[in-house]
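In the two assemblies presented below, chain A is common to both, partnered first by chain B and then by chain C.
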Partner chain A sequence: MSTTSRPLLALAPVLGALLAGCGTRDPVWDTTPGPLVDFGLVGSAAILDTSASRALMLPVEGDLTLSPVSLPIGRGFATAAPTMDGSKLLVLTHGDVPVRTPADQTPGLGVIGGGTSPALGALYPLASPISGLSIDPEGAFAVVYSSPADVSFVENPNELSIVDLGRAPAADNPTPLTLRSFGGQPQSFVFTPTLHLPAGPTRLLVVLTDQDLGIIDLGAPAEGDITVELSSSGESVTPTAIAVTDGPAGTTDGAELAVLLEDDPNIVLIDLLPVLPGQMVAHSFSPTPNIVFAGGPPSALAFVDTDGGQRLGALVPSQQNLTLLDPATGISSTVDLGGAFESFTVVTAAAGGGTNGADVALAWSTQSPEVAFIDLGGAVGTPYRAVQVLELEQPVAQILDVPAPNERLKLLVAPDGQSFFVLDLVARTASPIASSTAGTVASVAGDGQFAWLFSPGGTDLAQLDLQNLHPLNLTLDDPISGAFDVARRDGGRALVAVDEDADFGVTVLDGTNPSLESAVEYSAVLLGSLR
Partner chain B sequence: MPGERRWHGSCDVRPETVHLPGGVPSFLMTSPRRNDAGARPPSLRGRLRRRGLLPLLGAGLAVSAAAAACGSSSANDDGSGIPVPGDYAGNGGSCEGNTSGGSLAGFDAGVDALPPETDTTSYGAPVATGKYVWIANPSSGRVAYIDATTLQIKLVEAGDGPTYLAAVPDPTDDVAIVLNVLSLDATVLRASASGLTATTLPVPGSGNTWAVSADGHWAIAWTDARRITNPDPVEGYQDIAVLDLTPGSESSVDLTVGYRPVGVGFDTAGGHAYAVTQDGVSVVTLGQPPAVTKNIPLTSNLVDAGATPQVAITQDGAYALVRTDGLSSIDVVSLADGTPTTVPLPAPPTDLALSADGKTAVAVVRDTSQAALLPIPGIVADPSSLTLVTADALIGSVTLASQSSIGFFYTNALPDPVLTVIDTGAAMPVASSILLRAPVFGVFPSPDAGNVVVLHDALTSIGSQFVAAASLVPVALGLPPKIIGLTAPPISVAVAPDGAHALIAAGDDGTGIYELVVASMPSLDVQILPLASLPIAAGVVAGANRGYVAQTYPDGRITFIDFATGEARTLTGFELATEVVDDP
Partner chain C sequence: MKHLARLALGPSLALGLSLAAPAAADPGAPAGSAPAMDRIERAAPGDPRSARFGVDLGARAVFIDNAGFGPYSTSDLLPGLSVAASWVPGRIGAVSFAVVGEYDLGYQSATARGDATTLFVHRAAVGLEPRFRVGSRLDLFAKLAPGVLYLNGQITDADPSNPLSSSQWTWSLDTSGGAAFLLLRSSGSRHVTSLWLVGEIGYAFAGSADMIFAQSSSAGDPHNYGSITLPALRPAGFLDRWAISMRF
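Right, the complex of A and B next:
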């Protein structure tokens, strides 16, 4: 292992002495570091030093040295999350609570660029120090909401701030909004893809409360929400997930939502129809609910293309089938899966395409050691030949996508964190990968070539070549709390292994050909960038 | 001789609709024929029993909007049924056809072995007006009305337990009336360009059936005892409520008629209503206020006091025509003074109906396979002035088109595939036969009689594996019929007023097969659509060029079919539609 560094650790006493000598020692030196929060972004690892109200960004040079960048995040850290593509890190802060002086900070949502040259982006001021943050999968919007962790004297649980991340802060950005409530409170948020609604293409934010839905047009959030109650008889129903479609291919008027209800065999379909003449409403579309019966409580929903046209797929574990519902007629057909699968996802493109343009779905279970390929091109007309089941040694707790060029692969993670399977969606094979340590964490490199596995708190690290499934085992000097594959500034890749528990050390390895010989270790990285 | 099995078609106020009871036991009330105990084979014939919709008063009396829409239809007797006007309770009005009794020489043994007749009636089905379909939800106290053009659902609060709906003819608005069985009142729902109004009127005696005058001025709520399981003999169900539906001055009056009415209807002039009961015909004068002004007994030829013959009342309310099982005659009773005129027939008639124009009463004499055409009112002055038309095949039932003098004759007392057609209004009527490919069970003509939907049963007799079948018969064009196999028992048939489309809803909870046949005529194109649950009733919303089929589902379910495109759209959970809040 290379020990060319630990330079920051060596400088620490000097820095301390200098600061003490000046008599203006930064209060941060009197603050115990932590808790730390770390993330892997596209071009750097990020360590949020919350007590110092900063983000330490760790881009990697071609020689595996770090070029740390310290960025202020504001005081009163609440939460942070990266966008799905890793290009940005969103940091929510409460500011100073209470605000006593003009110099005190107010709540805000900060954006940090996550590339190889990290930089502060916009800071969106917020009205209230609340802690819930949900980010659009496309990275265009975020919503800030009151979370159970918020303990202000008086709170409005239905108060939201919708942030358009593509626009600079302005009087109307963020957009404050209080959901119309019939007693419900937000539980989760779903950002839809672009839907072709009567007034044109737009995106929606669907708020799942504990009893109904709120639908917000992200193109005009100030218009408020449309409340869709999910029960007309007063009985309690709780939405737990939704599926979204913009309608069958080639159509522009079939936008629809499907709402999964907790322990309920009924699914509420919501057509987003034009407003009828004379209808006095605030929005240019009219959610029109309908009910379809799935035969049993579904565990997962998705709109899928089948040989019979577009269907709503509902996975019904109690019936061990996938129920395919025609949204227009409510007619159902079932695909017997032979097992109680709980989750499914559409994998058509990764699987090389489906029959007659129909989808291919992958179903899995946390209880049963198998996965099923469902060929939806034969699901309605001939359901008996639609399913191919692969037996595994363990059930599946998590499925990790693999980027191109190996998008045909999925990395399956068993609940025990010791069994992994590399699933080839084209060959329909499942190659087992075993770890000697329970709770092993896996991640997939951004270039899709490798997977990384490590045991939190341990020193074992492995690179798995997704082409030949060869594991390269490495043992670091320090325990690993996080391992992040990032792009280097020279275009290569690096793995940044972070040790939060010891001296906040970092080990940087080459992401393609990792070796302990070329690795660079840093200790006490938090100290190095203090000014 | 046991009566011929009888069934009833039904038709909505504007679209023709027929509800068949197969497979919907919870929605049907069944009572065996008194003269046929047991011995019913487990065939469609056995399942598709006569509905409580009853033989209608026929064309002679514009008994209701339904009757007006359906024109005359066949009526037959099961030994206990008196022909009554269309039934609005379950299906928005109906017109019925059925058959009864009699046998052809040489077929006696088979006819004698016929299964018993049964009356059945469906509940909870929607009704259609100009462009709306109305559906009551007894649990929530609301009535959903669906614009069949836009499929937009709206709800209106009714009373407590809104259950029995009827469409009310109106020249400008869409109007329906619902009987609230728990709050003992009725809600008149009027949808106009300015919105919907709901007016509540007391109905102290409650009821389970509506009769509505053809002009929509009057409605009568009454109780059909045949819809009540094991009614106590002391319960006469003699209370009726007469509702004046004049907009802005609605009112109701509670009246008493004879013991256990089986049918209520109106004359075309709107001056009187008639309740056919076991005590005779109770005449209601529709004045201010309405009152029961007399009762005309019909019992002179009754076999026993508990029996009710088949009765048809002429459109002008002048006469009641009475057919009694086992008697070789038709009695024509003056409703002015009760004077009876007996019209002798060659053998006991098995069915009785009045033509659409009210000028001809049609009695079917199965023993001689003849149709007796009685001129109205000439038959009173000259009981021998009838015309007998002999068919080439066995006939025991008649269904008359609602806007034509053409009648369709057949028998379902034994497997017989022949449909006989007679123009009852012709100067020299003749019978022509159409050979179908399976035994006839029921006939549903288009209003102009140009096309006919024929239901078949007893398919095992021809070696078929299908549960049932239907034939589309382009009568006017004289083209060969098209037969369609059904994989579930038919439950409801609807024929569009223009005759261009027909719906056949079929289903069986036992097999889980639910389907809808959408037929185009005269092209005979057929589209078979699966349904999500058991059909209750099919209908046509002429103003929207859509058909519909209501289905059983706790939150309500209805499938609309666009006749122009063939596209089907199912709406489920009507009340959720009002749970969307988007205040401007």
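Right, the complex of A and C next:
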């Protein structure tokens, strides 16, 4: 070995090491955050960091600091939605498509607890990577179905998976089934409350297809659906909504569905009757349809209690009235509303009760600047005295419920996103609240004390005290893309304002006494809590 | 006993002593008054191994196989500048013993999910290094060097004027061995100055540091900044170091 080559020996480890300095860094650091989906749950804000296949949960401590929790959601994010009470977040993932190795992930529906100590719940495996998700308002069931976004080579649009969220994953949970179809495809799903049917109390899943109706007993989903054809004469009809009643208390044969048809003055009433002896059916009830005439195409339906007994209320904008149909006889009466209202809801309890135990309904319109209180305690006997109209400055696009202790209030949102009204159902007043910015988004705090308003993409934020309607305006440093009121770990409340811009920042404010002085600001949140 | 007294002062003085190298060499001391260790064997005058002090300048690289390093680097490599000073209090036969003081500054940068990141790793250590003479121009050595690490990370996001930073301390322990090759030496004097090429490999042990980042709040800044937690960083791994060492 020559003398001059010896120094090279000393350099060899360095050169070798440089060559060996190849990276083993986690690929997540090379991802760009997004698309991001965020939600406000009961005790934390949830940011679905889909490119990192995780949910970043942001519970808030008493000092307004965040205690982020990163939870894996699996690869191939499809969609997500919270349960109505905000206690859970359901995340649907496709997994790896196609699956090539045993290590690849398969489709699944994951459950994340949304409290102040977020945690992964059950993961329900699914047979197909489909993207439709519908969640029971009571949070007990979910349905996964094929959506228009799914573009597999071969698909069965009538294939569903029904997930019982109250049970652990098992061979029969989720329950896969294919709707018995006469050519229709699912469009929407309605979970009924508990109905007292002949075989016992149960809940139903009603599948609205583009031409008929499927009814599935959620107590025995493997039995499949009962398909109810809505047209006997061959013309095409499309169901758009249903109303449900359990019938008189103490009975098991009074449950009934009312089906609203698109641009059709007829309503299909479906009685859920006992199965007759000798009737060859797989289910414990027998749907029996009847057709009633509403006088014009209804825009909304609900079963209501009136001074004449239970009626099916059908709002008929073309007639400017509420038609009250007796389900037993088909006989109808009308309440003149004096305006073309499109939507209505029963607000009896929030309004302090109705006359003679009957219901109170609230009707509104996206076209006409007014709301109507309908006192159904006199709707049959004295319909001319049943309606009280309240003029507004703007029509109503959305109504937000207010939890207790201010459940007597509703927050009405105008289509322009600049006009808001705090409607007092007891006093029957509508207090205007104005925003200087179009498209302002409103939400109501979980404790019912405050509403929050912000302009997406702007820095303005306001807390509206629902007791005295005093707005407290704040200007944050960063643009706001989402604002979520959550319960803090110490029992207080916090507002988590999210900025989805380049640095993904979060500002945390006290939910009761918000101030910039006590607010805590975070930057680059999506770099944090990665494993 | 002057040299033994210096030895007893401990490693913390090694760097300072080496900077005062010419004065500390005690050139006028008679052979009969040499310290005990030197009396065991003393290199012949003019032998480059008679040097008692050294200063190194070079590069050090650690290959960090730790998930916490990912945000700051696209590879496992943490390169850096390395300086060191050594003092040889004595020798036994062909083995000399050096007390070494080292300082390294490692640096890496990358982008993590679109944000620019940087990491500085400061290391200060004091170690013991036995050197074995195996040829006229070649020494082998082993080294054990405990020390401290100061990690300073930075994330620059949408507001470059106020980046997020994290500063953490942790411990380190280098266990290494290598070779020193004599490149040049002065001639004709009793005290030889020589130039060596030093190569070294080993393993750097280190503690784990929680990398908690926050923007800094200066005086008068009304903001309260929260922190984010990146993966804990343990800057441990195989190391190599090479340097030019001047010994005198």
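Things worth noting here:
As a convention for this text, the second predicted complex is superposed on the first by the 503 of 531 C-alpha atoms of A that agree within 3 Å, B and C clash if a C-alpha of one lies under 4 Å from a C-alpha of the other, contacts with A are read in each partner's own complex, and residues count from 1 in each chain.
Just so we're on the same page, a contact is a pair of C-beta atoms (placed from the backbone, for glycine too) under 8 Å apart; a residue touches a chain by one contact, two chains touch by 3 or more.
Owing to the predicted nature of the structure, the values given are computational and were not obtained by experimental measurement.
By the document's definition of touching, of the two partners only chain C reaches A:V508; chain B does not. In the superposed pair of complexes, A:E521 makes contact with chain C only, with no contact to chain B. By the touch criterion stated above, A:P68 is placed in contact with chain C alone, chain B being left untouched. In the superposed model, A:Q187 makes contact with neither chain B nor chain C.
In the superposition on chain A, contact of A:S232 is made with chain B only, not with chain C.
Once chain A of one complex is fitted onto chain A of the other, the partner contacts of A:P287 are limited to chain B, with no touch recorded for chain C. With both structures placed on the common chain, the touch criterion links A:V268 to chain B but leaves chain C unconnected. More residues of chain A are in touch with C than with the other of chain B and chain C.
Within the complex formed with chain B, the residues of chain A that make contact are 180, 212, 226-233, 266, 268, 276, 280-283, 286-293, 328-332. Chain B meets chain A in the complex at residues 139-140, 150, 152-153, 529-533, 553, 555, 557, 559, 567-573, 575-584. Per the touch definition, chain A reaches chain C in the complex via residues 6-7, 9-14, 17-18, 20-26, 28-33, 52, 64-66, 68, 477, 501-503, 505-506, 508, 516-531.
Remark: chain C residues 59, 61, 63, 65, 67, 69-71, 73-77, 110-115, 137-138, 155, 157-159, 164, 178-179, 181, 183, 197-201, 213, 215, 222-231, 238, 240, 242 touch chain A in the complex.
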